[in-house]
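What follows is subunit A paired twice: with subunit B in the first complex and subunit C in the second.
Entry: the complex of A and B
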């Protein structure tokens, strides 16, 4: 019988096309991009080799330092916000709303499927000062605070970005973590309660440790996504003011397409890839250790 | 149930009111007293829904109305014409058409190739299949920035740049890791014996794949297809890179440029364009929300 399921021609026919397309679109370009990082130029003008110049430039470029710092800051803050907000929502769904939560879950999930560009433009208008005072500033005015030009400084623009991305994605993490919480067996909670654990103590000592695996996968998923954030930032601030909200993803895009420097763009892309791998690896290692200890 | 009576008497009332309970357990009639839960839920709904309502109301305002009246007010006259203007003058109709022309073929191709590969990797028996699956999985970690420039060069040199093919091909390739992974997972629940039996009855393995396995995973196909649809439809980076020609813009690129093109001074049509985007997507989600939620969470691996 093994002959049938091990039929080499059938395997090649079924797997071949997918493997071919995947290799041509992802694997080959990845290696190719590595090669670009040792060159200067672009598709239209042609490429010339320039050794490791791009790499030494990478280390000296203050814009790279700013972009890297922004990327990490953004990833840490948004990840923390997404996962914490999602977890609180999941606790709300499971312990306080129970069956009635289906409608709330659906509504809070709304923004997850919305196009980021549309959400970005919406938030831009929602937080604006001119030409029209947006709802947020109107609200501030109503309680006696002067309008804030949210997009005028990189500090406040950063927080609007964070608020938007948490708004956009907390429903997703809530549903993900909800699934983890529902899996906790009733008997465990029951016996913990018999032992006198209630409220926050129950959450801290029973619920939290038992939902740690799904919390960790949310964390890895979230950090992987936030490090690569592009759409939301382009749509909301386009990296500004100045380049105060420019992450590596956008800096790479600008270097490549605004300044037509493909070689250096590839080097920045490589830095982004290395950072993504390192961060995921660290989170993964830490979570593994915690789990075995817990 | 008994648990509620077993709380130590010393527990402060507030803490005991917040005692977690379980989803499947019958209620004991404390729902009415949970005022703070109601407040939290109400606040949540305002935060989630008000921006959308505001956006919709603003899409019906005239420019004067938008600039001169309070941002909270209802439109003084309901300008439904804003939608027509966005659709025709703002080219939203063209952008939607471009998006459809790029997304539908990419989805079809991705599902076909991904299902076949998932079958070969999960049902068929051969050496090196777990390694191959791992190679596919690695694709989910690669930032798309890493593949943009070489692809741009290839598309430029092969003359594909002036068409929607770069989008179709790139979407198919970047979507494959998740599709293959999810389809392989779904095939895990299908017993291999089914296909052995089918071949005993005289059907080839390829026919068994097509006529037996594909109908079996039809549900999974819908779920994966939906998830991928949202990813591709909402993509900006790839579309922005490969569509220089204004006539090829997808809906996201078109919307982003809308502010520059004429949305900077025409607020009604701009909001109408955002609304078309948001409510169109929302409609699909509302019809299939259980499937979308399930699919997104079980495929929660793509950055």
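Entry: the complex of A and C
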């Protein structure tokens, strides 16, 4: 075996096809797309090179700043919400419901399998103010508060969006973290209890450190997903009101396909790639350090 | 297992790999360019928007009636997309050189001009002259199209609309209101209605344009018909105080709640429905709404209860009420490469017969001549037709001379303007920035 793997030609032969396919369907489009960020134009007029103009525009464009800020805010808030809610649910499954948790687990997991667009429409109806008063506003009216136009300002639209995405995905994180908690040996928990650790202290000193690896994977999962959020936002608010809930992904989409500015759209995509890369690196380093300590 | 491969087999394998690679490269290289040949179409493909049902239905009627010979040679085939994604679809199709035979022009005339510049859109004036049907188009419609499309006839006037305020006569009479002649009278009428718990206006904030039209109309009345031409030419900015004033006036209507609740989530159909079911007293819309007003199934207040008034005058303004905002609706364009004899037969049949069919079946006014005597569906249709023929000067709409980007920005932010989450100054600045970015 060693002789085969030491032979360069054998390596080339074994890796070649896979590398070729990978290059053709991954690397070529990526480099191609990078190339577009140095151009101006669209499919109708054709493309012309314009140097680094797109990049300097990226720094001057207030819409990019707004979108980047929204993307980061959304990623942080939704990630925190998803993982915390998921973890609390997982604790509930393991320590309170124990073996009876299957039904609850299924029910909480249910929104994960629903199509995002359907969930978006559901929440739209749920929070709507006109032409019909939605259930949330009916409830507010019943306790004597005037209807709120949730999608009328970017602040309230943001929170509806956050609520929707947490509701939609917490079941997934609950199941993921549940798997981590189930892995903790019973003897460890038992001996901790004998030593007098109960309730919050048990969670803080025993359960949390032991489930840290899976918690970190959840964080990476969640941050990666939320930085690239697109479908749920389009379904619920379509970036509105104005561009109040427009993340980078949607701004990129609009720039390329609605405003027909492919070059600049591709520059925005590059920015998103860099942001995702940086965040992933940070999370990876933090998680590595924590693991060695724990 | 032997670890060495026989040489001949290795050569064959590497040759195979190299062959696959070059084939794959060839395939990707071809993908980009696409075929540019002008293939004769198999169908009279018509790409339309979901929101507009009139053109679709009227064309189908024609295809079974007078245009049957043209339809037999080139069968009509309708495809629709939501208006909001029309521009996108057209740009993608144009990039692939796959534009249908006939399609709804983009939401901003700028897109059609761009398509025309790259030779994708048929220049209709010589084509229609050749077919001998150019005189079937109303001169007013032709001049409106030319004003919009850089002096060229690039779309067919399936609609010819003037815009104004439709009002519910019964609600006005019940509340002792006269038809407002000035902006101040309009605002005070709205205040009176609001005080009596009647929603003064219905408007779609989701579409945005029904709101931005109010701004442009105010500008045309206060600054004169060339107000927006000056912005397009760079002689004036939307952020100039007299321009911001218009946004200010419209925002004030919203601030007082005259558009009802949640205007941003009201779509076109809902706004129409609010007016036609008597829940709102006034509805700013183009004359294409006559199709809905004439339809007894949709119009619960009855066509006899609907009146039409021009956008009111602004005290001390340079414009006058007989300058009507007019347009050709969502213009419909023909692709250059598929305009052949069979398409020509369809086009001649349409220009000769569409006007009468649309008026008779849908009560809508088009830019085609009405060649057979048609009785108007109702009084308000007659009123609008009379207004069209007596109209002195046409003005455009807010986004008419804007780029696709500025159009989108203006329309998506309109709801924020009237809901108060964006100040008039901010709104005009945002649109002006989008204009400057192009």
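Here is the rule we go by: the second predicted complex is superposed on the first by the 269 of 294 C-alpha atoms of A that agree within 3 Å, B and C clash if a C-alpha of one lies under 4 Å from a C-alpha of the other, contacts with A are read in each partner's own complex, and residues count from 1 in each chain.
One rule holds in what follows: a contact is a pair of C-beta atoms (placed from the backbone, for glycine too) under 8 Å apart; a residue touches a chain by one contact, two chains touch by 3 or more.
Small disclaimer: the values here were computed from a predicted structure and weren't measured.
**Student:** Classify the contacts of A:244 with the two partner chains as first (subunit B alone), second (subunit C alone), both, or neither.
**Tutor:** second
**Student:** Which holds for A:114: it touches subunit B only (first), subunit C only (second), both, or neither?
**Tutor:** first
**Student:** Looking only at subunit A, is it subunit B or subunit C that touches more of its residues?
**Tutor:** B
**Student:** Which holds for A:259: it touches subunit B only (first), subunit C only (second), both, or neither?
**Tutor:** Only subunit C is touched by A:259; subunit B is not.
**Student:** May I ask you to decide whether A:152 touches subunit B, subunit C, both, or neither, giving the answer as first, second, both or neither?
**Tutor:** The second partner, subunit C, only.
**Student:** Figure out whether A:43 sits in contact with subunit B (first) or subunit C (second), or with both, or with neither.
**Tutor:** A:43: touches subunit B and subunit C.
**Student:** Look at A:78 in the shared chain and tell me whether it touches subunit B only, subunit C only, both, or neither; answer first, second, both or neither.
**Tutor:** In the superposition, A:78 contacts neither subunit B nor subunit C.
**Student:** Name the contact category of A:216: first (subunit B only), second (subunit C only), both, or neither.
**Tutor:** Neither partner.
**Student:** With both complexes superposed on chain A, which partner does A:129 reach: first (subunit B), second (subunit C), both or neither?
**Tutor:** second
**Student:** Shared contact residues on subunit A, subunit B side and subunit C side combined as an intersection?
**Tutor:** Overlap of subunit B and subunit C footprints on subunit A: residues 4, 13, 17, 24, 28, 43-44, 131, 257.
**Student:** Please name which positions on subunit A make contact with subunit B in the complex.
**Tutor:** Going through subunit A, the ones touching subunit B are 1-2, 4-8, 10-11, 13-15, 17-19, 21-22, 24-30, 32-33, 36, 43-44, 89, 91-92, 94-99, 104-119, 121-123, 125-126, 131-135, 138, 167, 171-172, 175-176, 179, 182, 186, 189-190, 193-194, 196, 198-200, 202-203, 207, 217-218, 221, 224-225, 227-228, 230-231, 234-235, 249, 252-253, 256-257, 262, 265-266, 268-270, 272-273, 276-277, 280.
**Student:** If you look only at subunit C, which of its residues touch subunit A in the complex?
**Tutor:** 3, 10, 13-14, 17, 20-21, 24-25, 28, 87-88, 91-92, 94-96, 111, 114-115, 117-118, 120, 260-266, 270, 273-274, 404-405, 408, 412-413, 415-416, 419, 421-422, 430, 433
**Student:** In their complex, what parts of subunit A are in touch with subunit C?
**Tutor:** My answer: residues 3-4, 9, 13, 16-17, 20, 24, 28, 42-45, 62, 124, 128-131, 147, 149, 151-154, 239-244, 254, 257-261.
**Student:** For the complex, which residues does subunit B have touching subunit A?
**Tutor:** 3, 6-8, 11, 15-16, 18-25, 27, 34, 37, 40-41, 44-45, 47-52, 54-55, 58, 66-67, 70-72, 109, 113-114, 116-117, 119-121, 123-126, 132, 135-136, 139, 141-154, 156-157, 169-170, 172-174, 176-177, 180, 192, 195-196, 199, 204-206, 209, 230, 233-237, 240-241, 251-252, 255-256, 258-259, 267, 270-271, 274, 277-278, 281-282, 284-285, 289, 292-293, 296-297, 300-301, 303
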